[in-house]
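Both complexes below contain chain A, partnered by chain B and then by chain C.
And then the complex of A and B:
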């Protein structure tokens, strides 16, 4: 009896945590909550160069030493960036679904231990690249990130999208939740005690989510018109292609000793790993 | 002005459609990214559960803006914001979503014609899924060294990918892409366009059906997508990275380590000096 109670309480607790509010908090925390970390203070341009190396080179290398060293490096930077827990959980699930399941399947089709080494290398590659991107893209503040991308000549549309997305997302989530709640208030969900009832309930929930997009689409259409009109008043489409505007916008970025130190330490670590792969 | 004015939408209206699709599809893909993927046995249900949003909007508004908006939304909200950015490989997802949505949007002349809307919706979904499947198979073939030599791997990849494609199309494609689009398009038609200051799509404002140009464009884009994905995940087949190392010898690596150590020390000294000067 008591066990049942604990079990019930535990499942309630998990469900409580996994609400839309929780998701919103995690996303916001990921975006704005960690601008005082070592990684967040680095120059976005330097971090993007670093990412280009760590995110690309492991794909071309099959040396186990080198891959493990890269993996350890990004592990440290991820720790330094203080990434939200949910993102790390998603990372773990993602790596598993990308290569972990292949391992099991190839056992199923008569594989043996020789399957493990190539798949381990593949897993290390995938994990290193995802962690590097987690460090750069969640560690940086969205505005700094979009400035950095713009400096490298990414389309203005992309940096606008990044800045806009972070600002509009909390609003959209709240609105979506309100619509869902109002559906729930007026709706009459099917009883879900039996198995068949549970299936029916799942379909009912899915239907509500689909239906909720109807008002959401209309509201967002109105909002996006307001946004674009406000942008037009400020001359957005001309400013986006004007070089002087871009210059003013990007003048806030500055490379400090910390940035160079970060690059140098990474370089040291990587060359040490190459040395290790030579010696052993 | 009236004479010059065409029936197609203006630049700022295109931007509105872009922002609208980006925000909505971004929000939706964020949810799908956050919900752990459910697996039955070895098969993963990895469909774009919310592809009906860009499909609907592409059928009602300018298809290209909607398609690009959807792809950007997914990139920004679910990849960059959650730090799951996969580098060059993301180009594949970006382009396949764009092609699928764009072609579905071009197919519909009269959004009130349910039959055509249904055919377009399922075609767009099928295209997107099929391109993803082809690229996935090629990817594993290139990424794992000696693909044929690993026992049981080729069969397992073909089996899982083929089954996942059929399963996604028949189960989730119908349930999550076809039905909601059929529900939303006629319902939104004539209601959502005035909110963006546009005229509903009819014979005059229609862009014209699929022609050779569209198909060629789609094929080229797909080739680029597949190329990018393969480049992102190919092993040493493209660049003989390891061979270079083997020849470079230990001396060069030691040199690299020494250079890195010197760089780190110099930077630390310079930083301390700068800090002292600031303090004074």
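And then the complex of A and C:
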């Protein structure tokens, strides 16, 4: 009896956790909740170069030592960046569905090194690149990221869009949540005690989510009228054509001792792994 | 010196049949603090947008006449140049904020106009607006009032000579409202800025503004010094603007032959001189409050709830809350922005589940009940009516809940509801496109479609002008036969005093006071800690005699007479 109660509570909790509110919180956490980490304080330009290396090179190398070293490195940086739980979960699911399941299957069904090693290499590559992306795109807050991109010549509109998207996303999700709540209050979903009922309920939910988009779009359109006017007043259009603005924006970035240290440690670690692969 | 000069301005929106601004000519002096008043839809916002060049540069349309702002002809200058002269804060100010952190948003405009000292300007604006020390905060950490101050700082950072604010305090609690006006007064007096506000709250106009301008159907009826303007009681009332309660009271006394040679007072200060000859009659306004021992409608037992926060610990909203609401009660729920009023309501309809503790609806625990099964008993009308419109016409919206429950004759019932709320002619329109008052009525109709015994209303009078507000109040009395128990969360103390029989005060996750209006407003320690502002006429009565508890103009007239 007691056990059942606990079980029930647990399942309720999981469903409860995965609400829009939770998603909104995770998005915010991911974007801005970790601005005091080592990674977040690095110069975005340095981090982008680092990402270019760690994200690309593993694809062209099949040396196990090197790949493991890269993987461990990004594991540490991900830890340092204090990435939100949801993103890590998505990462785990992603890697597993890409190649991980093959690795596990072959491991259990008598695969030998000749099948496991190539699969392990592939899994490591996928995992390393994903974790590197997570470190950079979730460890840096959107503004620093967009400044970094702008320095490398990405158009101003792109970088504004990135930071603005993060600005409106929580608002959109809140609005969406409220509309869904309206449906919940007034709707009449099918009973879902039986299995067939559960299937019907799932269909119903999907339908409601789709229906909720229509009011969401209209409400957003109504809100954005003010935003568009405000952007005009705040000189957004002038900034896009003014070279000075870009210069001022970019001058806020500075390479510090920490950035160099970060690069040096990464470089040393990778060199060691190459050395190790030569020796063993 | 005139900072704004308008000559024969006529403007109509694209594709509109008739002009919204009709042949306006006006001068505004430098350093003025001007309130613009008028009916909903009389062109106040349009007028203000013509001053900062959004009209006609961004919003096109037929523009005739000449507008000169700070020596610049708006037709010949672009929006950017004008933005440095005129700052604008919107009514829906949260949509005006485009950057994630406070300092970033305050300095954003300066950065865009390539001002090298943009950071300093942002910081200076923040300190002028009382947001010093919040520079590195994220915008969602700010309360509603602080967000408004940030929107203001964003405008102030360009160091404009003129600031325009569209209904600055419509969504704020009195504490935040005072703060905003305090900041505006400083900007006006110390920095010499010219300030223009669109404002319904005449009490604030009386306290802070120098001039008042009345707009009627796209024309300017007059512009007068505040005192003189607010004393035109009848004319203001005919435009659905209600003069301060004190002025109205004095005006009615004069009509009754009292206060012969006194000018009409507009503030409490003036009132204490004007009314000094009055004596308290000992009148105690009777309000039928039957201490009900009826059945319990909703009961909270030891309820706790907290929100996840982006950083650090979760924010506790309710900490072991106990509360009982009985059938037939009319309850007002008050407390500052963020005190948990909306959360309390969402808990009652089952949209949120308490972390610990239980909530009982008519004796039944709702923990394991589904929201949709509760909706025949209890219903919530959101603060933001847009979020209740889930269909493409209000008719479909009103009938939705009945239709999916396969109620018989739901169409008839829908028609009856449309009729009751005077929405029949608008039934095929999308709710979002209606005016503020119509939206509010539609959302009420949706809320009572299933005949719930308990109705919860979240800020039903926010953002409404007084006429629409009265209409909503009438509707509330009107639906008495359907809904027994009604709870309203609001900042509108006049509504509270006129309507509520029981008042709950939320403060820091607890009900700190619970009782009649005398219990609440008579308890000065509660009023001070929570920051409640009683209706002005009540404070006036208190100044004249501590024994007087009068909440409406009528009660005031009965309480005081010439000795």
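Please note the rule applied: the second predicted complex is superposed on the first by the 261 of 280 C-alpha atoms of A that agree within 3 Å, B and C clash if a C-alpha of one lies under 4 Å from a C-alpha of the other, contacts with A are read in each partner's own complex, and residues count from 1 in each chain.
The rule is short, and it goes like this: a residue touches a chain if its C-beta (ideal position, glycine included) is under 8 Å from a C-beta of that chain, and two chains touch if they have at least 3 such contacts.
Everything numeric in this text was worked out from a predicted model, so none of it was measured.
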Chain A as common anchor, with chain B and chain C clashing or fitting: fit
Which of chain B and chain C A:124 touches, first, second, both or neither: neither
Partner chain(s) touched by A:39 [first = chain B, second = chain C, both, neither]: neither
Chain B versus chain C as contact partner of A:234, first or second or both or neither: second
Angle at the Cα centre of chain A, taken between the Cα centres of chain B and chain C once the superposition is applied, in steps of 10 degrees: 100
Chain C versus chain B, contacts on chain A by residue: B
Touched partner set for A:166, first chain B, second chain C, both or neither: both
First (chain B), second (chain C), both or neither touched by A:178: second
First, second, both or neither for A:217, with chain B first and chain C second: first
First (chain B), second (chain C), both or neither touched by A:245: second
Shortest CA-CA distance between chain B and chain C [superposed frame, angstrom]: 8
Those residues of chain A which chain B touches in one complex and chain C touches in the other: 31, 142, 164, 166, 211, 214, 218, 222-224, 227, 229, 231-232
Parts of chain A lying in touch with chain C, wherever the complex brings them together: 16, 21-22, 25, 28-29, 31-33, 141-143, 163-164, 166-167, 170-171, 175, 178-179, 181-189, 211-212, 214-215, 218-219, 222-224, 226-227, 229-236, 238-239, 242, 244-245, 248-249
Complex contacts: residues of chain C adjacent to chain A: 52, 54, 58, 79-80, 83, 88, 90, 92, 94-101, 104, 108-109, 111-114, 116, 118, 138-140, 154, 308-311, 346, 349, 351, 353, 370-372, 375, 379-380, 382, 384, 386-390, 392, 400-401, 404-405, 430, 432, 446, 449-450
For the chain A and chain B complex, residues of the former touching the latter: 23, 27, 30-31, 55-57, 59-63, 83, 86-87, 90-91, 93-94, 97, 101-102, 104-112, 114-115, 118-119, 122, 125, 129-130, 133-139, 142, 145, 157-158, 161-162, 164-166, 168-169, 172-173, 176, 206, 210-211, 213-214, 216-218, 220-225, 227-229, 231-232, 237, 257-258, 260-261, 264-265, 267-268, 271-272, 274-275, 278-279
Complex interface listing, chain B residues touching chain A: 11-12, 15-16, 18-20, 22-24, 26-28, 30-31, 33-34, 36-37, 39, 42, 44, 52-53, 56-57, 72-73, 76-77, 79-88, 140, 143-146, 150-153, 155-157, 159-160, 175-176, 179-180, 183-184, 187-188, 191-192, 195-197, 232-236, 238-239, 241-242, 245, 250, 253-254, 256-257, 259-261, 263-264, 267-268, 270-271, 274
